[in-house]
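Here you go, one structure.
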């Protein structure tokens, strides 16, 4: 197990080095991503300005929301960026290559890719959370909670990503399907959390865990709500275990395809 | 005319292709449901809380405005930027240069062809659904609504394509166009009235939405507003203005790009 | 007399690129980079008559694809002139596009999810062929290429061999006068290769299409092309394929069949080396640049008692390898 981790870290380091080579592109990616994410904040802040406080959510909470979502996005995709490329890998047959490597398959695939833009997400998320902590005048305990919640949300994010992309093995036009599902999961997580109530809240917490990515952690920290903290962590663990099971099952059903690419 | 015949053929063939593989339709449906659908639910809840009126508008206006934005985006015209980038990086651009077609118009029709089927199906079905659920705002029943909607829609399509083509063409000079793409895309998203409908914009933002090419490319969302009846010709004028300007920019970029390909390879 | 399809004269292509100087800092490299120049194609000239089948070969990086791109008008030459079917590719690219067909071995131009007929019709429209004519042409191609079995299947379901046949068929929808193929047989099995080659020979014979192909497959060259242009940035030789072996071979293979038994295998003089040693038969390779054939045979017959003797040229593959190697060592 130790060897696996060591190799995984090595692969990540190599990834970072090789993408840092394209220095200008790297910088542009980071800055571009940060600007990209700011757009959502602008939107929701104006929303709150127009519409007022909903569900107890203020403009500050929006910043917290973006913070959690983007930082977990950044963490998961720096460490496990390759998972999003599973559909590409299966189409091109590169996946076979990974299956033959002597390392744990999931780790190998996960660490096979690193897109520079995720660092932008991470920095942005961190900045948001720091600003949020300042805005709500967070106590030390709340700050510790924030860190705990970052871990929990990253776990949920990782788990759902693995599950969605494991589905690549079951479809021929996997790219489209996985992208659609990923959209469906990610988009609500960037929405104003206070507006999710009742049935909507239930669906997006327990069935499609989008709210676990940002909205619930924000409420957990802001209200120091024990129930929400436990909920997030527990669900995170459950999803993670499920995702590993799905991945292994999917790989068993795997078949490889040939090399020719199609131009248009 | 030759161009028309090829354009129609591209649209027909790609639609046929999409019919074979409904994967794309499924993605687009899920996207629309997750974005537009949830957004509408959100606003419905919010409007209820606020007693039906925000900023002087009621839910039904906002709902249709948002719907138009998302229905228009199922055409995925923005993908033309990525497609051009991929063409350049893979060398496919050279294959296309060796064919007797004009590269840009070929790519534009291709992009429309890829999205046409999803667009028609989703717009029809979702539009019908929305109508049955919440009815229509009175502005949509006016006689000038439909013709001006179509006009705005066509110009919006042309403008969107032009903007994204300009972004895509940058790939001839910059290795990674993604950051530029994101920024342009987000500007359009904000100023186009997607997650926050134009009717709820603060005055400065509204001006930006009105006069910028980014906002102009999404003017379909303005058609439900009460002010539309009196200022639609202004907005269409703004669209035409930007179409001309960006066409000129694209033209020069493309000429330079062709020179670059012919001198230094891809 | 057959007209010239392609005339290339003094063709040169130089590329400039920005190189990173390791001794400069990365900021300097970003803003004030060094420019280096490479000469991809250096003053080559050749001409191809209409209806000919020509192989254009050379080691990787020799400028083959660069030359093809200049022929199609995608790339502009730094110096020299090209005339393809009487047109200047740099000026009349679109016009020329109607008259040439292209097949790229690694890149498919067909719609993967639709049956082949849809792709063929599509290209028909692209080349401005009237609908009726398209139907007739497709029927012709189906017959010529024997596509009937799989014409209704989605292209992605075809085997590689079938797909290449389909690609070539699609490239001929508009009856081009020249067809340029870049590695068309790559990845095909032996049977599929032969089928494709026969097809190209058929097209050449029946429609008089000029064939210009690049390939690394010696079989392609041998069976398909009556002329070979070997390119290493500058054209080395432009000769009938059958003459290749003779012109370039500096190695002769000599088989010695033992009269009784070969028991000793003494060291051979400079210019000769053992390829195979057996008590029944020895194969010696003689480098005729170091020792001429007369002397080689005299030496060998002095060393061994033979029942029979066979002298032959290296096969085409070895010859071509020699050519490539020779050029890299500046022989």
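So that you can tell them apart, the chains are marked A, B and C in the order they are listed, and the count of residues begins at 1 in each.
Following the convention adopted for this analysis, contacts are C-beta pairs under 8 Å (C-beta built on N, C-alpha and C of every residue); 3 or more make two chains touch, one makes a residue touch a chain.
Only a predicted model underlies this, so the values are computations on that prediction, with no experimental measurement involved.
K.L.:
Farthest from chain B in C-alpha centre terms, which chain would that be?
P.N.:
Computed centres place C farthest from chain B.
K.L.:
Check A-B against B-C and say which one is joined by more contacting C-beta pairs.
P.N.:
When the contacts at A-B and B-C are counted, A-B has more.
K.L.:
What is the distance in Å between the mean C-alpha positions of chain B and chain C?
P.N.:
Here the centre of chain C sits 46 Å away from the centre of chain B.
K.L.:
Taking each chain's centre as its mean C-alpha position, how far apart are chain A and chain B in Å?
P.N.:
Once rounded, the distance between the two centres reads 27 Å.
K.L.:
Where does chain B touch two or more other chains at once, residue-wise?
P.N.:
As it turns out, chain B has residues touching two or more other chains at 21, 92, 95.
K.L.:
Residues of chain C that contact two or more other chains, please.
P.N.:
Residues 107, 109 of chain C each touch two or more of the other chains.
K.L.:
Where in chain A do residues touch two or more other chains at once?
P.N.:
263
K.L.:
Can you list the chain A residues touching chain B in their complex?
P.N.:
Within the complex, chain A touches chain B at residues 22, 25, 28-29, 31-33, 35-36, 39-40, 42-44, 46-47, 49-52, 54, 117, 171, 173, 176-177, 179-181, 183-185, 187-188, 191-192, 195-197, 200, 263-264.
K.L.:
Quick one: which bits of chain B touch chain A in the complex? Just the residue numbers, please.
P.N.:
For chain B paired with chain A, touching residues are 21, 23-24, 26-31, 33-35, 38-39, 41-42, 45-46, 49-50, 54-55, 83, 90, 92, 95, 110, 175-176, 178-180, 182-183, 185-187, 189-190, 195-196, 200-202, 205.
K.L.:
Along chain B, where are the residues that touch chain C in the complex?
P.N.:
Of all residues in chain B, those touching chain C are 2, 5-6, 9-10, 13, 16-17, 20-21, 91-92, 94-95, 97-101, 261-265.
K.L.:
Can you list the chain C residues touching chain B in their complex?
P.N.:
Contact set of chain C toward chain B: 15-17, 66, 69, 72-76, 90, 93-95, 97-98, 100, 102, 104, 107, 109, 111, 113-114, 118, 121-122, 125-128, 154.
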